[in-house]
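Residue numbering begins at 1 within each chain, and the chains themselves are lettered A, B, C and D in the order written.
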Amino acid sequence: MVIVMKKEAGEGLVSKVLAKVESLGLTAHLSRGKIRTIVGVVGDNSAVEPDSFACLDGVERVVPLLGPFKLASRDFKKENTVFSIDGSQIGDKKIIVMAGPCAVEDKNQVIEAALAVKKAGAVALRGGAFKPRTSPYSFQGLGEEGLKLLAMARDMAGLAVVTEVTTPEQVPLVAQYADVLQVGARNMQNFGLLHAVGESHKPVLLKRGLSSTLEEFLNAAEYILSHNNPRVILCERGIRTFETYTRNTLDINAIPALKLLSHLPVIVDPSHGTGKRELVSAVSKAAIAAGADGLMIEVHPNPENARSDGAQSLRPEEFEQLMKELRPVAEAVGRTL
Amino acid sequence: MVIVMKKEAGEGLVSKVLAKVESLGLTAHLSRGKIRTIVGVVGDNSAVEPDSFACLDGVERVVPLLGPFKLASRDFKKENTVFSIDGSQIGDKKIIVMAGPCAVEDKNQVIEAALAVKKAGAVALRGGAFKPRTSPYSFQGLGEEGLKLLAMARDMAGLAVVTEVTTPEQVPLVAQYADVLQVGARNMQNFGLLHAVGESHKPVLLKRGLSSTLEEFLNAAEYILSHNNPRVILCERGIRTFETYTRNTLDINAIPALKLLSHLPVIVDPSHGTGKRELVSAVSKAAIAAGADGLMIEVHPNPENARSDGAQSLRPEEFEQLMKELRPVAEAVGRTL
Amino acid sequence: MVIVMKKEAGEGLVSKVLAKVESLGLTAHLSRGKIRTIVGVVGDNSAVEPDSFACLDGVERVVPLLGPFKLASRDFKKENTVFSIDGSQIGDKKIIVMAGPCAVEDKNQVIEAALAVKKAGAVALRGGAFKPRTSPYSFQGLGEEGLKLLAMARDMAGLAVVTEVTTPEQVPLVAQYADVLQVGARNMQNFGLLHAVGESHKPVLLKRGLSSTLEEFLNAAEYILSHNNPRVILCERGIRTFETYTRNTLDINAIPALKLLSHLPVIVDPSHGTGKRELVSAVSKAAIAAGADGLMIEVHPNPENARSDGAQSLRPEEFEQLMKELRPVAEAVGRTL
Amino acid sequence: MVIVMKKEAGEGLVSKVLAKVESLGLTAHLSRGKIRTIVGVVGDNSAVEPDSFACLDGVERVVPLLGPFKLASRDFKKENTVFSIDGSQIGDKKIIVMAGPCAVEDKNQVIEAALAVKKAGAVALRGGAFKPRTSPYSFQGLGEEGLKLLAMARDMAGLAVVTEVTTPEQVPLVAQYADVLQVGARNMQNFGLLHAVGESHKPVLLKRGLSSTLEEFLNAAEYILSHNNPRVILCERGIRTFETYTRNTLDINAIPALKLLSHLPVIVDPSHGTGKRELVSAVSKAAIAAGADGLMIEVHPNPENARSDGAQSLRPEEFEQLMKELRPVAEAVGRTL
């Protein structure tokens, strides 16, 4: 942490800052300039709030240095985290594709989707049984009935199941049926939920919040990791910006940035990241080229009748075509698919 | 809802759209132009997703007309909603000020803060016992012990207590001690929590999400209202933008906009909205002048030692001075304080 | 400037940084911690780019301390800058209101608007003769003919004229007719234009760019000030955010923040800041309460037929009513209007 | 255009809207619902401002349908625009790489950079002689001397020259030396400059503004095209968002979106789009995979001593490596490099 004093801050105020640094068991290094004084704070200050100093008189600003996340950081663990999802390794050379409908709607829809995405090369089926929706009047998902349909489709198609969990109480139930627990973007800082999935010891797919910085994203992962659940997948799914042509702005920079900052696997959701079916293919290729470890893509056998997200869902034949086109891109960056 | 067809969309595609409109029990009005066709959809379409049409072939875009919120809207209820918080009416002529520390830290701090804010004219004490924090290593609040301290301070000072609830399971516990349940910005779309506070029948202070539109904000209120809990207070607390000089950008436009769109009381949190103690006074005055029904302000007897948010907390004497300066502003817009 | 070294950066890399600091005539203070080294750079580094250090091997990040603006800063000049616009002092106790149509359209419109705003208490007439427009097919303004109409209206109504200049070449022409040269939001970083208005020695009203930080805004003012033109008015007119209900998000925090950082007068444009006529009154009051030195408001005798910005323009009687309501607010914060 | 009337708007207000539609030579189609009335406006309304209707009483909102841009649109011209830059075709199968330093600093730097980028496979040299800088105290470029150095390097290395023009008056001078005129992000809506480069009949590289929507970007291109200059290259260079880890957020969605909306060639600047050298390689690959027609990359023989943008500039050997890695990616999407 670096504490920058105001120009007019005199000796007395600097001394108070130094006293506080010491009271926290840290060490201060002073740089006195003609114009102002800078205090470098050294020691393990990851649990100290920059704000504790920002409020002292005479302090102009405090610059935090260590992101508070530790377990999630590349500093903590140099090699990539690789783990298995129902037999497929994520974080390794092979790119993992998860696909399926936004929401589980009925038996035929799930089975049809599952068989189609399996055939095209996906290793996991996505589909929501509990849906967080902006309006209380929108379709909220089939609940446990939806989980059962997912489990059935898994057995028929030989796919892992990834599905969303929206409250701490749901975790044990969803964990019975799912191979991967998904925490949605709106819940990225629902800390009660992060604790609950951390304790479940199931792999967790954590989506980046709509307006979360990379640092906040990694801190959210840290909540899960700190419960001794090391199997976290980071998912970039677009952030909220001023642009309205697309539903979100997919932050392609986040892929190499997260790979630099963290050892965790990183996947991309181009369906939510664009919100438009006609952009999904190009952005999927971009994600692979940028180094993503996987993709999560919405596929619906009949998007015209989808109960949610139809406009961004691929038809099975479009998904199959996309998978074909992704293979050479994966190979071009030394990966397989 | 207005459905705009693509330029090249032929009769067949238009017919499919019309068929879908009818299948949902709605009525379509066609406008055929030389360049393109527009379909106006009339009827109660509040439960129909625009997306159901956006994914049809030939559709260029769908423009939703009715915000899906109903109970929260000014259309539904013309007069302002006014209700009592421990004897003080909110939403009425008198402006309500809630003040206190970010987090409850210990007995002395809470009592000192409570007595100071009461003396200066606040009617409610704010203070967090359960704190949602970006990092798992930050202070997470005192929990039930903090609630007890708040209740004690309430009794000593004669103030209502407003405190945050972060998971559905906490609601019954917090409701035992608090007069108003606060839902924080990060939880604005934690729908499980919205259901739980909706069922509690305590007044709810709902903070706007960091990147939530006004429409999403009112939809979140709708979740609470739809559980027959009509006592919701909307709180503008700043949104996330590109500006980094301030912690957030307080959206002053939101005050008159929410007053137009909704009948619910609107308050402002200038402490989080600015993140800087030296801006709180000016922005508090602005909020009152713009028509806010109340303010929520962080006050700490000793901000230098605050465990969180010290940089944006007023000292008791600063708060007292602010309250004095707010009175003429309130009167200038026909209110009292 | 504070240079933070990477954890793994060894002595050799630190030495290179120190050598570069010295080569620039600055002084370095080292803080060596167990985890990493911090280099405080002291001296007049306002012309040194942080980037010169950010690209050195071993450097993690560089934190700039002094905003590069000097002449615009409150450090440089403690007391408020006050100057006259055609006889009215701006930056002083009295709040200055500038009002008039978005664009000059014809003789009757300008005269009608001028007489109406004068009667209600405005001291300056605003109106565009050269209009920067998103589309080349939109009305681009009447040009010099518009300037002549403004000058005529000024003489009839006894108002100063504020009008926009969009290219360096226009400056001499516009300066013949205008009392204040306006630089629009899209041109805030049109540096050729900033140089030209700096050399004109006319007062300049500088609008904040749609996505400009306060630091960039003050740097743009610095361009003008550095040409020995000290008469710059800063105008907050809303920034671009994710919210679409309003045209822009008026940054109310910017008012006290600019007042802290700079000695220059600050005004607010609630018409562009909201984009909606029904929000202008509330936000105007908020701006005064927050400490603005003036307002710039769009008023059109007949908004229904305005060639631009009709939706955000007040009718003359609405403006008159607003002026009445603003007076007590101004008085409540120790100002007059 | 679709005009949505307020719920309470009666017949009289609807009639006024219809009269205005007719007075503009357009045709109205009415949809009267139980709740509200919708007016579809048909005809060539590209020169009519939505705002002309938004300000009428009884109008709730106006939804524009046709982007006002025409010449830039894919509707206007189905096939891709392809043109030559000093012998290399842009917009065709081959991907064009432009590379070089941010600013021209001296003879050795330019020559060294030019030879290195040529050797690695670039077809154009980028380098700024006129630099728009946030602060008036930053290095502003060498001016005409810089242009001469670029011309010399072009002759030595056999590269086209791309360089920025910042004011209308500079256009003739810069056009003498450059093969492509660059309009920077801060000048995307400097309409005087857009007119001037439109009249120059040189190819123009137009960078997207920091907070410009795709629609505004294409409208800016329309200004140039409407001067009979059809050779415009669109350059995505990152937008401004809340994320601070990267300098900008590269909008990867923009590449397929611009390709859908327009026939113009699209290139990507990963150097400004990320601001960090270590992210440039991954994002360059992503851009190619997403369908970009070219890249513009900052390369400096000695980034440690660069006068600007050193942190995001590649070293020659890094650029050479990147070019090698880009080739298989280009081939994977059916392109060459």
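Throughout what follows, a residue touches a chain if its C-beta (ideal position, glycine included) is under 8 Å from a C-beta of that chain, and two chains touch if they have at least 3 such contacts.
Quick caveat, the model's predicted, so the values are computed rather than measured.
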Q.
Taking each chain's centre as the mean of its CA atoms, which one is most distant from chain A?
A. C
Q. Cα superposition of chain A onto chain B: how big is the rotation, rounded to the nearest 5°?
A. 180
Q: Indicate the whole-number Å distance between the mean C-alpha point of chain C and the mean C-alpha point of chain D.
A: 26
Q) At what distance in angstrom does the C-alpha mean of chain C lie from that of chain A? A) 38
Q. How many angstrom between the C-alpha centroids of chain C and chain B?
A. 30
Q: Check each residue of chain C and list the ones that touch at least two other chains.
A: 211, 240-242, 244
Q: Could you please specify the touching residues of chain D with respect to chain C in the complex?
A: 16, 20, 46-47, 49, 51-52, 54-57, 68-69, 132-139, 166-169, 186-187, 189-192, 210-211, 216, 219, 222-223, 226, 240, 277, 303-313
Q | Complex contact set, residues of chain A against chain C | A | 2, 4, 7, 27, 29-36, 38, 40, 42-44, 60, 63, 65-66, 75, 211, 240-242, 244
(Q) Looking at the complex, which residues from chain C come into contact with chain B? (A) 211, 213-215, 239, 241-246, 249-253, 255-257, 259-260, 273-274, 276, 278-279, 281-283, 285-291, 325, 328-329, 331-333
